[in-house]
Structures are given as C-alpha cells and as structure tokens.
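Each of the next two complexes has subunit A plus one more chain, namely subunit B in the first and subunit C in the second.
And then the complex of A and B:
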C-alpha cells in the first residue's frame, strides 16, 4: 500500500531522515517508534507532501506521490493527523467533521451528516456536537482529529502522529477501538507514531524503530524492544 | 437544517438582519431629503466594498488593502470604454466586472505566499501604484481633472439611483452570504484558521485563496462601474488609501467578522462622515477617535450592540408581561 525508497531529508547540515526504506502492506497497522527528534514527524511530513524529500521516492498503491502537493495526496486517500491536534477552532465540533467531507468526501451532504452523527455517537461526543471546537479538552481534540479521516470513504492510508499523547485512558480505549474497527471493516492501512508501548502492543503486529533519522530495526514490538541498539537509542537520548 | 450550521455567524440570522436592514433602507426615501438620499446612495457603493473586504479579510484572513483599487479599475474600465469607444453602458459595466476580476485573480496569485502584514503591504503598494499611474497617465485618463462618464439613466433624479444602488448592495450581500454558507465558506474559514491543516485534508487552498480575491474584485469592480455612472466624473482619488481606511472603519463599526456588520456600518459611517465634512481635515481625526472609542468599549461592533440593546429591551417587555 505505502512504500518509501531511500527517502532522505536534509535540513541544512542535519539529516532528519536518512535512506528510509519502509513498506506497509494493505490493511496493516504499523507502529513507528523512536526517541524524541528521531525524525518521525519529518517522515510523515514527507509522506504527505508538507516537505519535499531531498532524495528518494514514495509510492501509494502503486503510484508515486513525488511532486504532488498535499491536497492531491489527500484525495488519493492519504490522510494524516497532527502531533499537536489541529482543529478549526472557529468551527463547531460537527463542522470540523463536515469540512473533511466537503474537502474530499463523496456522496451527499445528508450522508455526511449521518456519518458525522454516527462517529460522534461512537466517540461519545454527541453532547458537544454544536460547541465550538475550542471548548474541547486536549484529549477530545485528539479524538475529534482522528474522527475526521473516517468521514472520507476514499481514505486508504491514515497516518497518525502521536494520537494518544495527553489522552486519558478512557478516550484512549475509544481511539484504539475506532482504529481496530476501521481497520477490520474497511481495510484501512495505518501508520501510528507513538511513545505508548502498551497501545502499540494492542494495535500493531509490526513496528519500525527510527533513531537519528535512520531505520534501526523492524519487527514485532517485543522483538525490537529487546534489541540492544534500541535500548541504547532510547536511553542514550534520555540520559545524555 | 442542522443547528451546527446556524451557529457562529453563518446561519439564517444574518440573512434576517440583512433583510431587515434592506427593508428599512427601502422605506428611507419616504422620509429624507435629496441630499441625504444621495449620501445614502453612495453608502451602498461602500456596502459592496465592505462586504467584499469582509469576505476576503474577515473570513479568509487575506488582509488586503486594495479593495478600493478594484472599484477604481471597474470605474475606469467602463469610463474609458465609454469615453474612447462609445460602448454601451451595459457592456462597459460587464467589462468592468471582468477586468477587475482578472486583475484580482492575478494579484491573488502574486500574494499567495505572503503572510499577513506582507500581504497588506503588497496590496497597499498595488493600490498606490494604480492611483499614481492613473494620475500620471493624464493624457488618457485626464488624471486629477477627472474623466467624465455618462450617467446611467441620463438624468440625476436621486430616487431611481437610490433603489438601483440599494439593489446592488443587496445582491452583493446575498452572493457573499451564499458563498459563506456553502462548502466554499468552510474552506475559506479553514484557510484563515490553519492553511496547512486545510491542505492536508484535501482542500485546494491555492485555488480558494485566489477565488476569494477574484470574486471580491468582481463585486467591487461592478460597484465601481455603477459608481462611475452615478457620479459622472471620476478621478484617481477613488483609489486613495483614505477610501480603504473608510471601508475598514465601516466594517469595524458594523462589527468585524459579523456578516451583516458592513451593511449597517457603511451607511452610518457615510452619513456621519458627510456631516463631519464641514470640519475639513479634522473630520479624519474625529473619525479615528470614534473608532478607537468603539473598539475599546464595544469590540463586537454596532450590530451586536443593537442586538444586545434589543434583547435587553425584549427581556424587559417579557418581564413586564409576566408580572401583569
């Protein structure tokens, strides 16, 4: 579904991503972990076209994404969330979902409303439907951001940048449940950046470890966390 | 319809308020003298510019300082076409809309990557360049001497013009209202809030930003053309920055970011400023003070102030009835 070949990004002298070869199968939920500053967000920015890679290539469902601007990538079914939740604060909770439908959804506005109501119901946000998004707590904002992508039928690959950061356990469970559900029922592929090993263990059969812009290792979570290099990468950063 | 869409200044309420204001305006000629009628007629020209600018700056976040320049382009397009080629007025007005829209789109593309203050400076420079060019090219434009333009109806009876300009203001307001309420309105508000997020969710931000420039330029250009055919003599003065300042004051007085604001702000400001005219240069100072006072005491603007007063009054009345 999603594949990168030798993906590299330089910021001046800093290599934020170096020669990343990553291949995610259709319907897979892949975890992406690594210490702070490892280049995880940069990687998502490259995939979505926020940044242009210095070299390398990106393929989505057999077609290159290179040279495509962010909005056309979104229309090819590649959506993302942001590490710090980005909502439209001057819109209501419902409007924040509807706009995703207007942006690249299919079907009628009526369908979109029904879908939005369904999602808010599942997420337990129905009560806040007509409140301004700025009234939501941090966790609720992260949740609403996640719901946005599910408004779009053509969503194929959803990139989540630390979706669980600052989210309370109950909302976290809701999010895990939603991800599982959309993965099973619609075969959506996920790439999830997270520091929360317990959630990653629940969701991801495979994880990729990034450190200093490079892929360190890839495999089952327990496999990679037992790896000496990975422990070094994490501890080295924390202790130094 | 959903309650979600009727919140936050894009529901039906602004349409009702606008309709009410227009209804009141339609009855005004019964009560006022010709002079005031003419002042109000001109104020409807400003309504179009203020409503347009509100869409561009208030909703989309593109703080342009060139709204009056597009009206000027419209005015001179029909003026010059009539003066040199004797094209019919109707054709001149349509051409004015097209030329303004085209120039607006080009300017929109040129300032795409500019942020807030730089966009303001670039659009200001554009308007100044236009004004100076029109002044300097006096062989064609007659510069400050003024270009004479045939009047729309061939006479100067104020009443028909009043209704024509009122209709023009109402039509522009309706168009902007429909845009704001449609998905396009969502896109424009999203762009103002967070362009990166808007693009990431599949919105063609470039297109919609240019669209906002083009649409508001078409409306302003048409208004400028009607204006030219009403005042009969146009000069580069209509591209002056003080005109833009006036538009901003109108939007602020009405209530920035509120939909019906410009509709109320423009006539009020125009009437007050024509009254202050007798104080010459001092009128600007008095205006500035008024705006500062309003901003400090009631930031939501005049419309909100009126609604607030109305609500208080209503509560009193309802209360009185309850006790009776």
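And then the complex of A and C:
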C-alpha cells in the first residue's frame, strides 16, 4: 500500500531522514517508534507532502506521490493527524468533521452530516457537536482529529503522529477501538507514531524503529525491544 | 443643547458618521479577510476601491443610467472579483508555490508595485479628471433630520454586502474552507483542500469588498485615479483599531471611526475630519496595543 525507497531529507548539513526503505502492506497497522529526534515526524511530513524529500521516492497503491502537493495526496486517500492537534479551533466540532468531508470533494451535505453524527456517537462526543473545538480537552481534541480522517470515503492509508500523547485511558481505549474497527471493516492501512508501547502492542503486529533518521530494525514489538541496538538508542550506550 | 451644540445637528452628524462607517468597515473587512486567509497584507486595496468606482461610473454613465445603480453594483463587484483573481494567479500565487523565503516582504513589494501600476494606469487612461455617476435619489428627512439619499443608499448597499459576506462564510462550503484556512493553512491542505485555488477566491472576494465600497461611494465622493488613497488610509486605521485579522474588529472599528469623525466635526471642526481617526488610533494603542479584538501573536 505504502512504500518508500531511499527516502532522504537533509536540512542543511543535518540528515533528518537517511535512506528510509519502508513497505507497509494493505490493511496493516504499522507502528513507528524511536527516541525523540529520530525523524519520525519528518518522515510523516515527507509522506504527506508538507515537506519535500531531498531524494528518494514514495509510492501509494502503486503510484508515486513525488511532486504531488499535500491536497492531491489527501484526495488519493493518504490522510494524517498532527502531534499537536491542528483543529480549526473557532469552528464547531461538527464543522471540523464536515470540512474534512468536503475537502476531499465528494458526497452530499446530507451524507456528510449523517456520517459525522455517526462518528460523534461512536466517539461519545455527540453532546459537544455544536461547541467550538477550542472547548475540547486535549484528549477530546486528539479524538476529534482522528475522526476527521474517517469522514473521508476514499481514505486508504492513515498516518497518525503521536495520537495518544496526553490522552486519558478511557479516550485512548475509544481511539484504539475505532482504529481496530476501521482497519477490520474497511481494510484501512495505518502507520502509527507513538511512544506508548502498551497501545502499540495492542494495535501493531509489526513495528519499525527509527533512530538518528535511519531505520534501525523492523519486526514484532517484543523482538525489537529486546534488541541491544534499540535499547542503546533509547537509553544511551553506557547502559548496555 | 449639549456642550453648546444643537442636539438635532449632533444626531444628524452621528447618523451620517455611522452611515459612512459601514463603508469604512467594508474596506477594512477586505484587508483583514485577505490577511486572515493568506497571511499577507494587500497594500493595493485602495486601487481596487478606485477600480470599483470607475467601473460603476462607466456602467452607470454609458449603459444603465443612475436609476439602475443597484444593477451596476453586482456587475462591478463581479468584474473586480475576476480582475483580483487573475492578478492573484499571476502575481501573488508564485510566492506560495516557489520557495520564496521572506514571503511577507515579497507580498509588500508586489502589492505596492500593483498600487503604483493601477494608479498610474488609471491616470494615463483617464487623466486627472474627476467624475460623478450622479444620483437621482431624493434627499429624505428622518423626523426633522435631512439625510442624503445617495449616502443612505450607499450605507444600505454596504449593509447588504456585509450580510451577503456573512452568509457566504457561514452557510457555504467555500466559506467553511475559508474559515478553516484562516486557522491553519497546513491542516486544510493535508485535509485535501486546494489552498491555491482557495487563496484566489479569498483575494477576489477581499478586493471585491473594496470595489463595492468604491462603487457605492462613487456618487457621494468623486471618481478619479487617486480616490483610493484616503479610504486605504482609513481602512488601515480601522485594522489597527479593531485588530488585524479580526472580522468583528473591522466592523466595530469601521463604525467607531465614522462616529469619531462625526463627533470631532461637531465638537471641534469639520476641517480636521481625517485627523480624528488617528487620535482614536493613538489613544487606543496606548490602552490596548493589540487593537480591540486582536490577539497577541504567538511565535511558532
């Protein structure tokens, strides 16, 4: 579904991402972990066109995304969330969902409303439907951001950047459940950046570890966390 | 009598001030709207006001006649919307697609160049002559107060334009996208909005608002190549009074400026009408540097 070939991003002399080769199968939920500053967010930015890679290529469902601007990537089914939720804060919760629907340019207003109401119901946000998004708690904002992508009929691959950071356990469970549900019922592929190992264990059969902008190792979570290099990357070499 | 001023005279000035204030608000709204979506200031706003007044004048004098001014108005707005959209496409869009480093500086240079270009072009084509489309609207009396028909029509037209603008923002999908873009330009793009096209629409709407003000005021003030200068100054005064990027700020600031000018004219002297706004502006900046509705900018 999603594949990168030799993806590299250089900021001046700093290599934020170096030669990343990653391949995620259709319907997979992949975890992307690594210490702070490993280049995880840069990687998501490259995938979604927020930043242009210095070299390398990105493929989505057999077509290259190179040279595509962010909005055309979104319309091809590649959506994302942001680590610090970028909601439209002065707009209502409902409007935040509707914009996502219309942005990808399909369906009627009635479809959009039905879908939004359904999602809000599932997420337990119905009573906040007409409140400004700025009134939501941090966790609710993260949840609303996640729902945004599910508004899009043609969503195929959803990139979540630290979706669980600062989210309380109950909301976190709701999010995990929604991800599972959309993965199973609609075969949506996920790439989840997170530091929360327990959630990654629940969701992801495979994880990729990034450190210093490079892929360190790829495999099942328990496998990679037992790896000496990964422990070094997280804790520093003096510990091993 | 209030401070030695006849109350009837006072209320007449206040009403006239508020009526002109609506048009000031329209002008300020255009500037603030373009800023809030595109994060750039369009310094050539007054020249779109001028374009609006000229197009309105030509339509009324050549084809429609002064009685059909309200037919000419939407045509003028549509023409300037299209002109604005084309100029955005050719001159302003490149700074968002190429890797321009100092975007606000580029925007300043290009819109000031546009200001000079449009103003000089108008002078070449028209000469320095002043025109008026004329108006057959009778002067009314509200109670015992005389009200100029053309000014009343202009302010009612301005209110209609403001309502239309509000409906567009609140009730349409383009309005939803415009409001979203004003809050996060990155997030609307990753959501799937074609931001470059949206910018074109925003710029067109913003300059059309100025053109509507120009068209409505054509019979009240005159039509000539540099008539945008005074209104531009007032538009920017209002932006600072109301707070940059704030739509309520533009509306309240516009009315407030009209009111202050009227009161200054009554209590001090009408000759300094254009100066009272600056007094208000300086006084307000001392108390509230962000403007009435402005917010402190946060870096990053």
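The criterion applied here is as follows: the second predicted complex is superposed on the first by the 235 of 240 C-alpha atoms of A that agree within 3 Å, B and C clash if a C-alpha of one lies under 4 Å from a C-alpha of the other, contacts with A are read in each partner's own complex, and residues count from 1 in each chain.
Criterion: contacts are C-beta pairs under 8 Å (C-beta built on N, C-alpha and C of every residue); 3 or more make two chains touch, one makes a residue touch a chain.
Computed from a predicted model, the values in this text were never measured in an experiment.
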Problem - Room on subunit A for both subunit B and subunit C (clash or fit) - result: clash
Practice task
Considering only touches as defined above, state whether A:79 meets subunit B (first), subunit C (second), both or neither.
Solution key: both
Handout entry: First (subunit B), second (subunit C), both or neither touched by A:113
Key = first
Handout entry: Partner chain in contact with A:104 - subunit B first, subunit C second, else both or neither
Key = both
Practice task
Could you say whether A:39 touches subunit B, subunit C, both of them, or neither, answering first, second, both or neither?
Solution key: neither
Practice task
May I ask you to decide whether A:132 touches subunit B, subunit C, both, or neither, giving the answer as first, second, both or neither?
Solution key: first
Practice task
In the overlay, answer first, second, both or neither for which of subunit B and subunit C A:31 touches.
Solution key: neither
Practice task
Report for A:56: first if it touches subunit B alone, second if subunit C alone, otherwise both or neither.
Solution key: neither
Exercise for the section: Return first, second, both or neither, reflecting whether A:48 touches subunit B, subunit C, both chains, or no partner chain. Expected result: both
Exercise for the section: Figure out whether A:92 sits in contact with subunit B (first) or subunit C (second), or with both, or with neither. Expected result: first
Completion exercise
subunit A residues where the subunit B and subunit C footprints coincide 48, 50, 69-71, 74-75, 79-80, 82, 86-91, 95, 98-100, 102-104, 148, 152
Problem - subunit C residues within the subunit A interface of the complex - result: 173, 176-177, 179-180, 183-184, 186-195
Exercise for the section: Show which residues of subunit B lie in contact with subunit A when the two form their complex. Expected result: 2-5, 7-8, 183, 186-187, 189-190, 192-194, 196-205
Completion exercise
Residue set of subunit A touching subunit B in the complex reads 48, 50, 69-71, 74-75, 79-80, 82, 86-95, 98-100, 102-104, 113, 129-130, 132, 148, 152
Handout entry: Of all residues in subunit A, those that touch subunit C in their complex
Key = 48-50, 69-71, 73-75, 79-80, 82, 86-91, 95, 98-100, 102-105, 109, 148, 152
